[in-house]
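Some structures to go through are shown next.
Same chain, two partners: chain A is paired with chain B first, then with chain C.
Right, the complex of A and B next:
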């Protein structure tokens, strides 16, 4: 009986999507009741960041390993705007997103001149440059002390309680997610997928591939900026950690763990990683005399494990199983446009050696 | 003028670290198509290897300079066999992510054991003090580092250019399929080449220990700079990587004198210029596919 219901549901993708969206909204609204509210806000901010990265990684096949540049510069911008002008925090966050987009334009124009692994190295290097600049520009960023005391202004409302701030900040993140969803499901998004699958053919069909890449890069940076600004306001400070390369790596692992090219997966990945890191930071793991504190080791192990054994990610695996039920062929997940289409690949169900 | 030369010399010394690391990266990339993020971690492990050997077993610098690269080279070979090989057939980005994860693990393990505070490592006896280079005095150890790394680079070049093994490796790097078709077992050389690249990283780590403090984070920031170096030099070109390494070392040192604010960013600005002017790198060839 349940199997029948399941099969009928699986055959109705639109209904599924509606269920997923309503379920996701419900979880988002209930989150600060379920877990510590500041962590709930972290999850939402990182989820938007991971979704923004997925626009590039999953839908365009470009691995940006330098997204900390946009998240971090937005954190500083939001902080500066809020401290200096006392503007309502949504204005500060919006300003931060604009600055991230402006920063993304030159980086994108340069980075799209290379593809594949070089793209990752170039973005990583430029992000490191932003890090050095932030470190040196003490007047603006506060150097190693960071920017402290970022206010949460909103027309005189008292948002000092993280529980209330969550509901003030959530709409901003939801708008960001909606933008990402619109991008993916627009003709523009379909062109991005075409570029991922076969850049040469897209070019010969007349699409200016590099211009599309720059556009999606800037959109992605803007959404990352929205997330980074929100994160900084939520915490009340912005630090160098936000622009450091570990932050770029963290958002990549969220997206890969959740399943690239799935949007939902990125949010799941963000939720998992934020919770794991919070747990490690507060309690740590104690195995006999060994005390594992700090996130590096466990995040690293998750990275290695996912890349070796779980490349589809959480959402990718679910989608794969559903598709298998309906006998729809699908491909091994892939990062850039160098893989063969599903039909030419080995059967997806074959065990990986 | 003397001042300028002295700064240039300093730059060459720093550049020799870039050159050795870039050389290892380029060899591994050529043979496997893998960009090894963990290269910086192995540089750090090299420095820690020397540090641990000295403090736990009283082993001196010269022995460490031989033993640590050999040991870590073996670790590198095992790493290639156990992990990297599984992902080689897939998109190269997967191995980039794998080695990134390994970097986080290795870094954190050492941080938990030794803390993140930089630790000093004494300069080897015999290389303390300065030597007179005619125009100026220069710390003896720095001179040694420069000479030694130039010798290693030249040695690596001779190995690749003049020996049968080198010929096979170069052929396998350029046209793996064709080399295989000539009846040469390319697969046999993959692990040793990976190990060799890692050993070079470890070697630069040991060399760095007496000059720079030993800390778990010493490799990661450096390797990102080296990524910029190889983008500038062209990762496909072994000569290009080494030349770019020395060049950028000098550029940074001179930049530090004339435009202090730009010293750290000069590499990235140069990278931007190269991307605009010669996207494949100064010495690189255009990528064929993608």
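Right, the complex of A and C next:
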């Protein structure tokens, strides 16, 4: 498995962590000044989604390949609530998160019986079922046309300007991130890491592993729902894209790209992917008549590159280097260990000359 | 079963087959309350498989397991652990990336309801710190408490296994070759430790080192080909010609 970077981070002096949190908060607040505000909102929503996935992938060792089901069903739910009831959008988003959690319960109960690639397959299969239902149930989802005209209600405030909506939506995402952080740094979070490292041993210590997996799956789905609901309200639109399997794949890529098991990494991965895709969508790169920036290609290439170059992901690698600088031994074996014997051989040669 | 007959563990006709191969064959084992009960037998006799049945990691093909008058046949490992049965594993089975401190904290937390609390800070675990230190001290690992388990030497991992099992404060302790891979000194420390902790619990011990068995066991059960060959005190068993034969036969076959 990948570096247990969150623990490395925890081992950093408190000051470091405070700096990181304040820095992150500052960036979040400044974001719509720096980049196009709707993209800023996209980054925040996807960052929360990626963090939610990381609770499973990085902290519990479960690869869900069906999280589009929660993001997408939440998008439709938030849209429907906002359109039908005219409720303030945070209420719609919260309702969406609840629906995602309810949907997650049966899926989790069946999926946790499997591990590894079979777990991924079960989640994917369920997500495809959700996609199928969304495609058929036109009355609710609008089918291929999507659910249009989702209002951004908030006590009569005019949030039609994406710049202002960003600041209305940001607190929701921050609360979601705070929940994820709390879960990771709780007794429950400790058990999750134990399950990731050795499920059988966790059971022999009295932990009902499947129940823990179901719990974290539902929490993860809830946070994904929060993100998906926010995304749909931000766009005023929920489409089939939201429940399509590529959305599940995209969030996995974001998390792995940033470095699993780090929370920060997921956010960085989300920011990078959203920006790159936005750039490619607005200014495609053509080789002759072929647009090589078709959906997913460049993202895929970046992904492959990062995984090959930085086994721990972007953030994981940074944290690892920081730690090496400070001469803190790593928890896991790494390549530098193999260079030591070579260095030790040198003195043996020296006396000859 | 009548709980007053003093048996903590009682199996009846306990069997386990793997695709036609019977690893544990109609075992009727009775472990008396407060005993140190050794399970010996040649390699492949079914000792570890029997442990896996007793702790719920394997489901029996046939037979029944009673724990203090309660039928636990088919119960899950976590449930059996919570009923007070802890085990150490023959093949070291740890959380490689976690520190020893975190290991023992995890085990101590295993007997509480704290694990489900995802809304409180993990700083509550500091209340286990002192006890974790004591346990690590008992097995001679207190100086390595901040080290990831993956970096320990083999014998030290065995000792950590023991600390984890002890942290659960079990009524029944199942130890699968606790001294395997240990040096003389550590073997002695482990024997001493078992002697100290046995006062208020029952210990079932799989052990190849016969001097350890001689020094600790009240009862010895000899397994061969998944069946109970004989049972008695160490001296009774040692002089049994079938046992000598089994060990010699086992060696030559291996």
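As a convention for this text, the second predicted complex is superposed on the first by the 303 of 353 C-alpha atoms of A that agree within 3 Å, B and C clash if a C-alpha of one lies under 4 Å from a C-alpha of the other, contacts with A are read in each partner's own complex, and residues count from 1 in each chain.
The rule is simple: a contact is a pair of C-beta atoms (placed from the backbone, for glycine too) under 8 Å apart; a residue touches a chain by one contact, two chains touch by 3 or more.
Remember, predicted model here, so these are calculated numbers, not experimental data.
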item: Touching partner for A:116 - first (chain B), second (chain C), both, neither; value: first
item: First, second, both or neither for A:39, with chain B first and chain C second; value: neither
item: Touched partner set for A:63, first chain B, second chain C, both or neither; value: first
item: Chain A residues touched by each partner, larger count belonging to chain B or chain C; value: B
item: Touched partner set for A:207, first chain B, second chain C, both or neither; value: second
item: Contacts of A:256 with chain B and chain C, given as first, second, both or neither; value: first
item: Which superposed partner A:129 touches (first chain B, second chain C, both, neither); value: first
item: Contacts of A:193 with chain B and chain C, given as first, second, both or neither; value: second
item: Shared chain A surface residues [contacts with chain B and with chain C]; value: 332
item: Chain A partner contacts - residues on chain B that touch it in the complex; value: 35, 83, 86-87, 90-94, 96-98, 100-109, 111-112, 220-221, 224-225, 227-228, 230-231, 235, 261, 264-265, 267-268, 271-272, 275-276, 279, 287, 289-290
item: Parts of chain A lying in touch with chain C, wherever the complex brings them together; value: 1, 4, 7, 182-183, 185-191, 193-194, 197-198, 200-209, 212, 215, 219, 331-333
item: Residue ranges of chain C touching chain A (in the complex, touch as defined); value: 55, 57, 76-79, 81-82, 86-87, 89, 93-98, 102, 105-107, 109-111, 114-122, 124-125, 148, 150, 164, 168
item: Chain B-facing residues of chain A, complex; value: 63, 65, 106, 110-111, 113-118, 120-122, 124-126, 128-129, 132-133, 136, 199, 245-246, 249, 252-253, 256, 291-294, 296-297, 299-304, 307-308, 311, 332, 334-339
